[in-house]
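Sharing a structure, written as structure tokens. Questions coming.
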Amino acid sequence: MGYLPDFPMALLPVSVHGKMLAVYIFGALMAGAAGLVALMAVPPRYRKIVVVGVTFFGGLYFSLEFLLPHQPVAHIPGSAGVARFANSLTRAKPNIADWAMVIASFTLLLGTFNLFAIHSRAVKKKTEGWYNSLAFFITFFLILIVGILKDSPVSKLGPGAAKGLQSVCTSLYGILFDGFVQNLDATMFSLIAFYIVSAAYRAFRVRSAEAGLMMGTAGIIMLGLVPVGAWLTNWLPSTGLLASLRLENITYWLLTWPNMAAQRAIEFGLAIGAVAMSLRIWLSLERGSFFDRQL
Amino acid sequence: MRFLIRLQNIDRRILYVLVAIVLSVPLIIRPAKHPETVFPEVRKTYDTIDAVKPDNIVLLSVSWGAGTQAENDPQMQALMRHMFANNTKFVVMSWSLVGSELSYQSGMHVQADVNKQRSREGKPLLEYGKDWAHVGYKTGSISAIVSGLGENFQQVMKQDRNGTPLTELAATRNIKNYRDIGAVVDLTSVGLMGYWIAYLTTPKHIPLIYCPTAVMSATAYPYLDSGQLSGMLNGVMGAVQYETLVGQADVATDASASSWALSAAHIYIILLIVLGNLGYLVARKTGDRSGGSKLG
Amino acid sequence: MSGMTDFANPAVYIVEGLLVFFILWKILSARRGRELFIRRIPGLSVLDEAVGRATEMGRPMVYAPGLSGLDIVGLQSMSIMSHIIRRAANYSTRVIVPLADPVLYTVAEEVARDAYTTEGVPEQFIPEDIRYLTNEQFAWASGVVGILHREKIATAFYFGAYAAEALILAENGQIAGAIQVAGTPSITQIPFFLAACDYTIIGDEYYAASAYLSREPTLLGSLVGQDYSKLLMVGLVLIGVLGVTLAAIEPHFPGLANINELFNKYFLQYFPGSA
Amino acid sequence: MVNWLAANYGSIAIWAGALCTFGIYTILYKENKFYRFFEHIFIGVYGGYGVYITWHNIILPKWWRPMTSEGLWWWIFAAVLGSMFYFMYSKKHAWISRVIFGLFMGFAAGGIFREFYEGYFPQIGSSMKPFSGSYSNILSVAVFYVVLLAAMSYFFFSFEHKHPAVKNTAAAGRWFLMIGFGAMFGATVMGRMTLFIGRLNFLINRWIPEVRAEAQSSLFWIIMPAVVLIVSTIGYFVFRKSQKLEA
């Protein structure tokens, strides 16, 4: 893993092995803890500055990586240095992405406490449907334990027993993942097939011109996309002016012109909205519940 | 009159049972007939695959799972058939564990099916590793992987799903970077298109073919218009049209069965909308306002 | 040389620079106290009415931020949630918030606690009502569906990033008899919210929502700046249209070729298959 | 036992799948205890799976192994930074979590310049369509501009839509948006129906052959009626009870 070229860490070795590794990890852990303690000691009026600064530098990295010229510009002194800097930012991107991913993955237990609290209370107090909460706990830990065991051989039990345990875990994991996870997911997803029928039936009443327009377009597209649509207007000639009245051609025209224009209008608006919001967050100009809190 | 008014409040459970029946009948009968209409974007997909240079590969990105298998799998199989017929090599990669397994199985299935035909005609048989490869499941930052494989394909992909280094497979031995990628196909049920556009295909001018679920297709037209997409297969209907192009027009496939099931379902829904509106209009005329519950 | 590269080019500096300028300029002038106008957004005016209905019926409400994480969409959702919780606190109506993102969950808990405290009723805050369910789309949806039915929800708000689960929730909310208001920047789900909910906020209106509700100068200013930015985009498009159309009619118009070439270089060309 | 499980887990998984499918589908009739049970299993199994997969895909290969077996000791700092999220639960030091949130929000915000450029510059460019060519093309282009401009004008917020020109354009914009949404709805129906086709494929191609295969054994004919009897009895009480409650 070639992290070094972009991170000047000349004073400390990149990798250590053997007993020294434990020493280094422990030392770094202590240094990190000391850093956290130092953060805790920051007086309230400087806290805002820390948060604003960190946010700004986080955003600055990705902005500069894109905005700085990556090739020296002729006749401009110093541009070679800028380009070199910009290119080193680009090279560091996979490493930054790895770090961000690993750090974010430590949030995996964040919400779980809340989930456990709700369900353990249900089980303890035997509220109505407490057995459902019990099923929650059982399945949660079963798949977690089985999953971890199937990957890590337990050599202490002796080779035979370990192999048996692993085989059982692999089978159980198969049942839980192929049987439960996948099918529950796909079934829940497929409920939409039913709901879309009742939604269309109920919602598409010609209460207003708007609803009528939406209904009409949806109807034409629904017919035009499937083979039946082509068959319905088969009697029209396949070339010439009348051909454009064939359902599949109307459908395609609707999709590629009015629909495309409408989609693009929405996207332009959303894109500008996202730019504005990003700017406000980056420069800590944002206002609202989360941002107005006293630190 | 009362009967007509009642049409605007049919119990939803009846609707549900009927839709289940309407959909399952064509699936059991399995009609072979394929539609004659082929949409321009499907034709463009076909031409894009045809235009891939012989020493380039096509990269198939699989980000679907069990949930949308019925839509994305036929798209992938039809494309694989075309590439096998053209002797275009392709590499499959997956962003999900399930998708990795399913796409490998489908690849093997298509290969076996094409080989049956080939052995009848006495042509050389297809082989995994020589004609295609599957690099399995990739995890990590999508943007980093996508931009990385354009720069150094071998370093990012390393080995195939069986652990064989890609430098030892005939299909991938000579692939170095984006210059060797003739096209990217995004087979997806989630929004990954943006990553391909932002980090590989638009900056490097590689054709991107989009194979989304039908749900996502309507929003793709601005990108087809701007040329950021070089083709699209719209859900299972895109797949069935593509099958027509690759010489499967008379074969009963999952996609053709689905296309007739969909036809039936669409007509059923349109019928429902018409009936509901009939009831609504009659009710409105007679002054009965029991439909609709809009606020304000 | 190709205009489209991996990195910024002169067109980026000019266009994105102008976008940034418009937005910052309007934010700063609003902060200095300039009065700014925002039009009425019908879907948002109805929020209070929807809260009122839950109060009348004496049943709880659900505020579902969808699959949003701690990002732009999720934070907007939190602003709207804060507004709704504060209204609800006035009437002592319960709001249940099921979340699909562990990080956003912690934020939501803070925001909710703050909202109750601001309204002077911190004792009304029930930590279990801000619930993290799971970060899987349909598992989350199945949990919310359960809540909609079991808690006999009177009003449901769906504000955030949504995907396929949108219709599952909206239909079940409808079956449970709830009044539903939705808003999402996820374009693909808007039609389903339109079909199944009583009020739907479309596309960009979602970003306008927090400005509209809070009347905070920064947000209002930003909204006005965004309008200027959109005008810029419209202007660019119109100049381009004029250029290419003139070129089609009168190819030898002076200077035209240069303008068209410039636009082509930075905005359009070098795509396989572009017209 | 071990061997039996290894040989049969595929069949068990198919049966479990069919059970889950029917369990969840009961919600189509009405909310009920079966659904509740499967809902909790779903949340539980996915919660556990989520923790496992994060461990298996990220923490183990990208953090623990590089740190312990490749000796990249400084990865431990990632854990320190990750722990900052958990300060959320501290009343006194909650602000420390804001530092790490700030970093992530900064990352997300800084990417916008590239995303706007790669995503929308080509869109602006391809919106510059000449009014030329055949009459039908000119008509289509005209429709494109009318819809684009009207729909965009609907999303202007900073002036009252009162001036007749604006009012009508914005109203027309909303109409045109409805065309777009109608198109999406129409296209989506197809996709959503296919999801159920996927389920039917599972039941028809996987589960029914499994049932057929097992129907060969006599044990099947002893167990099955018992299971059907138990499930339908529970089902009867579940639905009867909930009906009473609602009436």
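Per-chain residue numbering starts at 1, and chain names A, B, C and D are given in the order in which the chains are listed.
Please note the rule applied: a residue touches a chain if its C-beta (ideal position, glycine included) is under 8 Å from a C-beta of that chain, and two chains touch if they have at least 3 such contacts.
Note that the coordinates shown come from a computational prediction; the quantities given were computed from them, not determined experimentally.
Colleague: If you tally contacting C-beta pairs, which pair wins, A-B or B-C?
Modeller: A-B
Colleague: Please work out the Cα centroid separation of subunit A and subunit B, and write it as a whole number of Å.
Modeller: Using C-alpha averages as centres, the distance is 22 Å.
Colleague: Using Cα averages as centroids, what's the distance between subunit B and subunit C in whole Å?
Modeller: Chain centroid spacing, subunit B to subunit C, equals 29 Å.
Colleague: As a quick test, compute the distance in whole Å between the mean CA positions of subunit A and subunit D.
Modeller: Taking the average C-alpha coordinate of subunit A and of subunit D, the gap between them is 11 Å.
Colleague: Averaging over Cα atoms per chain, report the distance between subunit B and subunit D in Å.
Modeller: A distance of 17 Å separates the two centres.
Colleague: Which subunit D residues reach two or more other chains?
Modeller: 24, 27-28, 36, 38-39, 42-43, 46-47, 49-50, 53, 58, 62, 85, 88, 104-105, 108, 113-117, 119, 122-123, 125-127, 145, 148, 152, 155, 177, 180-185, 187-190, 192-193, 195-196, 198
Colleague: Note the residues in subunit C that touch 2 or more other chains, in rising order.
Modeller: 4, 6, 8, 12, 16, 19, 72, 103, 106-107, 110, 133-136, 138-139, 142, 164, 167, 172, 187-188, 191-192, 194-195, 202-204, 223, 226, 230, 233, 268, 271, 274-275
Colleague: What positions in subunit B touch 2 or more of the other chains?
Modeller: Where subunit B meets two or more other chains at a single residue, that happens at 12, 16, 19-20, 23, 66-68, 140, 202-203, 214-216, 218-219, 222, 225-228, 234, 237, 262, 266, 269, 294.
Colleague: So how do the chains connect up here, line, ring, star, complete, or something else (other)?
Modeller: complete
Colleague: Along subunit B, where are the residues that touch subunit A in the complex?
Modeller: On the subunit B side, the touching residues are 8, 10, 12, 15-16, 19-20, 23, 33-37, 39-40, 65-68, 98, 140-141, 143-144, 147-148, 214, 218-219, 221-222, 224-225, 234, 237, 259-260, 262-263, 266-270, 272-273, 276-277, 280-281, 291-292, 294.
Colleague: Inside the complex, what are the residues of subunit A that reach subunit B?
Modeller: 93-94, 97-98, 100-101, 182-183, 185-186, 189-190, 193-194, 196-198, 200-202, 204-207, 215, 219, 222-223, 225-228, 230, 248, 252, 255-256, 259-260, 263-264, 267
Colleague: Inside the complex, what are the residues of subunit C that reach subunit D?
Modeller: Within the complex, subunit C contacts subunit D at residues 4, 8, 11-12, 15-16, 19, 36-39, 41, 70-72, 103, 106-107, 110, 133-136, 138-139, 142-143, 145-146, 149-150, 167, 172, 187-188, 190-192, 194-195, 202-205, 208, 212, 223-224, 226-227, 230, 233-234, 236-237, 240-241, 243-245, 247-249, 263-264, 266-269, 271, 274-275.
Colleague: Per the contact definition, I'd like the list of subunit D residues that touch subunit A in the complex.
Modeller: Subunit D residues touching subunit A: 2, 5-6, 9-10, 12-18, 20-21, 24-25, 27-28, 33, 36-56, 58-59, 62-63, 66-68, 70-86, 88, 93, 95-96, 98-100, 102-117, 119-120, 123, 127, 136, 140, 143-148, 151-152, 154-155, 173-190, 192-193, 195-196, 198-199, 202.
Colleague: Can you name the residues of subunit B that touch subunit C in the complex?
Modeller: It is residues 12, 44, 48, 190, 202-203, 205-207, 215-216, 218-219, 226-228, 230, 293-296 of subunit B that touch subunit C.
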